[in-house]
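Chain nomenclature is as follows: A, B and C, assigned in order of appearance, with residue numbering initiated at 1 for each chain independently.
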Amino acid sequence: MREITSLALFVVLILFGYAQVALGATGRMSEETTACINCHASVHPGIVADWEGGRMAKVTPIAAKSMILKKRRVSFETVPTRLSHVVVGCAECHTMSPEKHKDTFEHNGYQIHVVVTPEDCATCHPVEVQQYSKNIMSHAHGNLQNNMVYRGLVDSVNGAHSFAGNKVSVTPPSEETDADSCLYCHGTMVEVSGAEVRETDQGEMAFPVLSGWPNQGVGRINPDGSMGSCAACHTRHQFSIEMARKPSTCSECHKGPDVPAYPVYMVSKHGNIYSSLGKSWNYKAVPWTVGRDFTAPTCAACHVSLLVSEEGEVAADRTHQMNDRSAWRLFGLIYAHPHPESPDTTTIKNKAGLPLPTELTGEPVANFLIDSKEQDKRRKNMRGICLACHSRGWVDGQFARMDNTVRTTNEMTLAATRVLMSAWDKGAARGLSQKDSIFNEAIEKKWVEQWLFFANSTRFASAMVGADYGVFANGRWYMSKNIQEMVDWLEFKIDNKK
Amino acid sequence: MREITSLALFVVLILFGYAQVALGATGRMSEETTACINCHASVHPGIVADWEGGRMAKVTPIAAKSMILKKRRVSFETVPTRLSHVVVGCAECHTMSPEKHKDTFEHNGYQIHVVVTPEDCATCHPVEVQQYSKNIMSHAHGNLQNNMVYRGLVDSVNGAHSFAGNKVSVTPPSEETDADSCLYCHGTMVEVSGAEVRETDQGEMAFPVLSGWPNQGVGRINPDGSMGSCAACHTRHQFSIEMARKPSTCSECHKGPDVPAYPVYMVSKHGNIYSSLGKSWNYKAVPWTVGRDFTAPTCAACHVSLLVSEEGEVAADRTHQMNDRSAWRLFGLIYAHPHPESPDTTTIKNKAGLPLPTELTGEPVANFLIDSKEQDKRRKNMRGICLACHSRGWVDGQFARMDNTVRTTNEMTLAATRVLMSAWDKGAARGLSQKDSIFNEAIEKKWVEQWLFFANSTRFASAMVGADYGVFANGRWYMSKNIQEMVDWLEFKIDNKK
Amino acid sequence: MREITSLALFVVLILFGYAQVALGATGRMSEETTACINCHASVHPGIVADWEGGRMAKVTPIAAKSMILKKRRVSFETVPTRLSHVVVGCAECHTMSPEKHKDTFEHNGYQIHVVVTPEDCATCHPVEVQQYSKNIMSHAHGNLQNNMVYRGLVDSVNGAHSFAGNKVSVTPPSEETDADSCLYCHGTMVEVSGAEVRETDQGEMAFPVLSGWPNQGVGRINPDGSMGSCAACHTRHQFSIEMARKPSTCSECHKGPDVPAYPVYMVSKHGNIYSSLGKSWNYKAVPWTVGRDFTAPTCAACHVSLLVSEEGEVAADRTHQMNDRSAWRLFGLIYAHPHPESPDTTTIKNKAGLPLPTELTGEPVANFLIDSKEQDKRRKNMRGICLACHSRGWVDGQFARMDNTVRTTNEMTLAATRVLMSAWDKGAARGLSQKDSIFNEAIEKKWVEQWLFFANSTRFASAMVGADYGVFANGRWYMSKNIQEMVDWLEFKIDNKK
């Protein structure tokens, strides 16, 4: 018995040692991070406890790199010596390249910056940051703020309205309002607007004051000039891969009627399986094994993660560009269209001179968009994932339906657009010819809902097979109703003008 | 110590043996299924891994039948010999009765069919399939497609709209559009439309091409002529009873504003208990013990499952007819009414000659619907479940409120119907007398929302005590607002016609 | 080996003993409760099993009080002797002070009352009940029913509508309808309306008949004259603190568009962390330790619970008043405003003589509302919680945005109110001057949505940083659209009157 016990103990120790190596749990905190934590554990206990629960607090970059390629979560070739053998703590990120960050300030002898940026993260994750720079999300701030059409939509939604003398007047929104609405997801511009001295438990201390802060939007403009916020999905300070892979993370920005990926997923069979059985899946395994680690995809599985079969065959490479697995940009501005070639969409001009990827009547502005060959390539990437669990006939049928839906929803958008153009022609509303906003009248707002809410929802429902959402929840029912109401509005308005 | 260890080992072995029997884990795969998996484990790893995680992969039909009656999940008297002592794998289902399936094709020496049907499942589960044939869901395809009124609604929603010359015209939707919307839940008609040869890893192979595929709708018309898809709720290929018993499964088709059982449940106290504490319930026990296995009902508990008390007393027998526990068909087409007697509702004719279970003014078409005695019987079935956790006074109060809500929501529907009929009378809209669609004008669409969305939501909220949903979320607020808007529309329209 | 085994056994026993004390699991059931359970375990197995799963079934009041102050869940000084050494079972609550409860009835020799009230719970939890009496929720019944303006809203929503002779007429709703809608959350008035004899398994027995029953609304008027229902959040009969701390509990009444705290939370980063990682949190610890027990707040964390850091420092004291952590009453009736001083809001009168906390044009009725000093104090309470996980700059930025949103949403409400007042002035609608309901016409209902749905949603989205909900889901987009539609409605209506 004694021998058995000793043997068991030996096995346990071996396994424990293996686990240590597997986790790379060989790290210690740097002196700098220790200094941070000495105070901040009591000043902001939640942040510190959260970080301690994550992998960054346990693994050194060198240990992370020591794994075989497919299991790695880091992509650097070399990492600065001072980082290599300590875990990634407060100081490692918040004192990185202090000269590049305009929000750097002196703090107890350290040069600290508030806003950790993709440039900082690229120290260990350069490939992911590089891929993300091709992701249209990384340009989400400028693509909204520097496109006069979209900015007109923002102003008409967020602007302050007043009513006097039978007329509504709208003044542009404040930065705070924009930061609290569109730019929460698109990202604010974070700038140092001043400095202040605060009374703290450690006496008076100086801090920078930031405008556009707080923010974690995907296209945030950072004080070091970089674009994006990795924390949008890789939530501070645990940076849990489990969280990044779960649909609720994507839902922070993809839940509303304009881009309803989350509600569509949750009403799909995939979402149903996730809701019912997902509690026992393994969300931490790298690479992510289809069928063993999970039995239905989350958002990340189809759009981001490195997927393999139990035999180790790669079903999809990891990507942070994301749209390289999608043939269509479903998100209709104003019609669904092939993805833009460049993540910077402000350079696009259609024939009418508007910065839109299609004409007002739907024709794609082809020279700014990917061609059908590139679409086929991206479609093939996605199909490869589907085929891990579905037969070819199943997948063919699904993709044919989605192409049909892209076509029919574009038609339904065109019908609504023609009603609006008729309203402009007849003077019932004021549009482009009158150099007026195309978003500020009741019929124009109905038109926006046609493509931004209803056509869009119908396409997402088709693409992700959450059909219910595309009928009565927010889809075809409303497209058909909305057209009738636009026509009636036009009739009432014209009659009144007589 | 040695003796204790030996004893412990013995106990463990006994328990393990018991578990083996309890699970019926005595099965091996058939040679045919082994052949399937030899290739498909690498072609479609997700399907195979999913199946391996389920009970079908572990239990033979004979082992499943060997349990005491209440614990059984199978209901056959005899099962073909070739199935009795192997687990239920690919070949067992996909080669069942090949001559009956029009989608059967030769595949590596086997006669495979793509679409597994209730007829196939009935081999081991004949009682459930028989019950399901009385469930109105099993007729969901024909009840929609072969009812000219409902089909008119589908066409007006899914049809392609265009606007030219001040007029909207609507053309009927394609099969693909219908399959991607209404028929996702109602079920498509799956037919063999051709054959194709595909290049595969094993060389060229021939496969049938199916139209209406993929689909798992509850009333799917199958290539063997049967109706329904067990996989709608018993999701392939794990066929987890846990999943069938969780509300997200029902939500795939019962989440939208037309039939909002899921959102109502989730805002009810029952749903709250499920969301908060349901993670520790036992969803796999058969029978399902109230209070021990779960402390608040899911959809399945009230509408489907075999429920017992800790003392073993039956609170409800298992049913796949489902409506035999419900007195009212809440789903207002156009008014709430007693359940139809036959699951095939296309045979119903009201006095006006329309295939509707009520007149346009609300009176039930009694001779096609269950009588009050049958309603009482069904009400009693449901009350028996409520009483497992609630006092008689509590249940009486709840049922009185629901009856009140059926009455008042029918009145609110009648008020909206009278506005519409007035519009038809006055020529403000074109309806039955003009032989025009009753769903294609703005006021008609408002009328549809009155019963299909708002009255319906209010009733579900009352029946399942998710009151919040029946007020501002999608209920009484909108019923009252909608009537005022219909009246205004009528006024504007008539004034314009002057 | 034997020694080690003995030692292990000893350690296990010690730990088990400690756990016993820690849980206070020293209790036995009273004879009275044993008598209840002898029958009710078979009559209502679900209730009994549910109770058995909770803490009340295991801990005596004296054991509960024996813990150090911060760990206590009871707040009594003394408790009646008969209760001190038995667990809290059926009889302990349902026979408490029988003379005070009008619903007390004789039942097998015991004086039982059906409705357990806050007065009963105060036996062990007097501090919490006292705090709750200052919570505006405890007055939710009267604040709705006894305020003629709000009651007018209820009547216009719940009233029975009929259409005849081109006119809509509305009659007041029945008590059953109100109980099934607004009063589900606000609380019904529960009264003894009679008695009845029922045939039971134990023969004929007499029971009281209650009107307004069942109900668990937060402001329920109980048969003992007390207000509220602890079971609204502390769900019978498990009374799980885990459940009270989870957001789905609050969602029962805070999910709809009028008060969308839950959907806003679920689209926020906090909600995302909860959804992704919350499954492994400790919801039962008292006190509740930030960062260790949970890494993002639930509703209860910010608004109710006793929060401490790992070092034991208190971040927030427990409160059942709840609004003592909030500077603003976001819930715009009709505008956001400082919280009322008294939980009874029926005493408020504005300059126009209406029982509203603001004028119709937005000015707060200051002498009934807390002053800016009290607002600062409450704001500081909430900031203390934020600072446990966020830096000062972060929190400052967040609070500034929220104040901006209070201001801008009030402006958007004012614009809509001016359109409505113009409609009243011009005779297009009938309002206060015509002594007509201000809620019963289409434009009035649009006005209600402006503040009750859209402005409200935008504010909740800002306060809880669920920005997405405040834009397209139910916020700024609809505020801006609604104003345009109100103006058009006014134009059409006036034109028709010409």
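Here, a contact is a pair of C-beta atoms (placed from the backbone, for glycine too) under 8 Å apart; a residue touches a chain by one contact, two chains touch by 3 or more.
Please read all numbers here as calculations on a predicted model, not as lab measurements.
S.K.: Could you report, rounded to a multiple of 5°, the rotation needed to superpose subunit A's C-alpha atoms on subunit C?
M.R.: To bring subunit A onto subunit C, one rotates by 120 degrees.
S.K.: Do subunit A and subunit B face each other with the same patch, meaning over half of the contact numbers show up on both, or with different patches?
M.R.: different
S.K.: Report the inter-chain centroid distance for subunit A and subunit B in whole angstrom, where each centroid is the mean of the CA atoms.
M.R.: 34
S.K.: For subunit A, jot down the residues that touch at least 2 other chains.
M.R.: If we look for residues of subunit A contacting two or more partner chains, we find 1, 279, 492, 495.
S.K.: For the complex, which residues does subunit C have touching subunit A?
M.R.: These residues of subunit C touch subunit A: 1, 266-269, 271-273, 275-277, 279, 290-292, 295, 309-311, 313, 387-394, 397-398, 400-401, 404-405, 408, 411-412, 414-416, 418-419, 422, 461-462, 465, 467-473, 475-477, 479-481, 483-485, 487-488, 491-492, 495.
S.K.: In their complex, what parts of subunit B are in touch with subunit A?
M.R.: 1-2, 5, 41-50, 53, 114, 156-164, 166, 168, 170, 173-174, 176-177, 179-182, 184-185, 198, 207-210, 213-214, 216, 235, 238, 240, 242-243, 246, 248-249, 251-253, 255-258, 279, 440-442, 445, 452-453, 489, 492-493, 495-496
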